[in-house]
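Two complexes are shown next, each including subunit A; its partner changes from subunit B in the first to subunit C in the second.
Let's look at the complex of A and B:
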């Protein structure tokens, strides 16, 4: 099983889950500079996206901001 | 024709606001502080709506000056072009309530100044234009300021589609407004109408947060 829950939906990764948050965002083609991330209820600051290792079964919330206001 | 204009006194304004919202809510709003970060299409509207509601303490922050390109959606006037937005907004807010407690900071906010300036406020209104700035302030408030609420906006560009702009309660102290995807870009402009819908979703969510906040 190589699963993560992303924004409430289970996502299956064919071999293994991405190693860190940055890798996940790259895979999802999302610019990390516009994302507020939470893993199992805890906010992860953007400066720690690369060093935050992911573990199977974690619940990840990604809020992406778009420009305009 | 005689000019029947007059300036109300502080107690007249207080009385009429109390009559509108009731003493209990009036006192709650009067005791509250909201920081509006960014005074563009979102912030200029949020600030006015909060002040009109009866908010006691308003902090407004922007580093920019009023430009001709702002008049399509931001609550400034042609004769204010070239002024700092903080000065122009202060002027406009004072015309709504000359007695209100308003603090203005003309600076470009970063994570450190957000923490310094906003650590004692009840709610921060994220009213920036640029996506990375939105990210910065939401992350800072959520990760470093556990007693502060934040109401942010994302996805208010373009026209029409009023009903896809939503108020989403992400947690007890984080509310997100917008359709989360309508981005400015080539051929997609900003309109007072749609940005204003988002801004008043924000103001409305903030009022609700303040009224429901336990002391």
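Let's look at the complex of A and C:
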């Protein structure tokens, strides 16, 4: 069991989950400079992406700006 | 009156253009960028959404020069005050910007804003230091209530979002303008430059336009048309309309006709 819930979908990491948010973003090929994250409902500042450790089963939201009115 | 001296002030900040533009529905980031530039807008709205992990698109923010424009994140998609507050906090964390277009639209068909949830969210967000610009139905009582809790503007709709139907709420917007002590921004439903001019002639402080520009055959030219219309309407409002009359009042002299009486 090496699972995280990312943007509402369960994702299975075959060996072990990424250690921190930065590693997760790298793995997903998402540019961290434009993203804001929430872990289990708590906002994580971008400056803390590297120091925020991940734990199995957490629910992570990755959010960014899009066009809107 | 010099239009350059007629500045819009929101939350103590001078805003260079009375036309705000949205960034949704553009066919490409390039087109969006050119249209925003042609509009002369300083305030530009954006939305927050989940990153699509399976289909990572280009980042639209890279197309907007943050030194030149004031980004106004919205809370679109929020169905109640809790969701709006969550989006507001995320927007601030993502951008460092504490300005916010507050919108709470539980109804998916008409996207009409929920007045009670909007007021509830505004109260919390103002206390948290947000500069709140609430999107509301054209309800003069709600506009006053929002002003009382400290919102920086009120933004009544002309017609439902994206309908391009113009000032269907004209009478109520007139009352809002008459009573407001904060800037009134007519938001949503403005479909033509003449609608924007109309709102500005009535005394609105600004207008917010997205769909009418983004989905025009040529968004860049339409953005320019909205810029001119917004400015024209504002100048006309500041100048004051000439008197109306039921009967004709000749513009040419009524003497010296080329005939013998």
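Everything that follows uses one rule, which is that the second predicted complex is superposed on the first by the 65 of 69 C-alpha atoms of A that agree within 3 Å, B and C clash if a C-alpha of one lies under 4 Å from a C-alpha of the other, contacts with A are read in each partner's own complex, and residues count from 1 in each chain.
Note that in this section contacts are C-beta pairs under 8 Å (C-beta built on N, C-alpha and C of every residue); 3 or more make two chains touch, one makes a residue touch a chain.
Model, not experiment: these values are computed from the prediction.
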Let me test your reading of the model: by the given contact rule, A:36 touches which partner, first (subunit B), second (subunit C), both or neither?
both
Tell me which partner A:6 touches in the superposition: subunit B (first), subunit C (second), both or neither.
second
Does subunit B (first) or subunit C (second) touch A:28, or do both, or does neither?
second
Which partner does A:62 reach: the first (subunit B), the second (subunit C), both, or neither?
second
Give the label of whichever partner, subunit B or subunit C, reaches more residues of subunit A.
C
Under the contact rule defined above, give the subunit A residues that sit at the interface with subunit B and also at the interface with subunit C.
34-36, 43, 45-46, 61, 63-69
Quick one: in the complex, what on subunit A touches subunit B?
33-36, 43, 45-46, 61, 63-69
Subunit A residues touching subunit C in their complex are 6-9, 28-31, 34-36, 38, 43, 45-46, 61-69
Residue positions on subunit C within touch of subunit A in the complex are 22-26, 32, 45-51, 53, 56, 59-62, 71, 73-74, 76, 89-91, 93-95, 161-162, 188, 208, 210-211
Using the touch definition up top, name the residues of subunit B that touch subunit A in the complex.
38, 40-43, 127-132, 134-135, 138-139, 142-143, 152-157, 170, 176, 180-184, 190, 195, 198
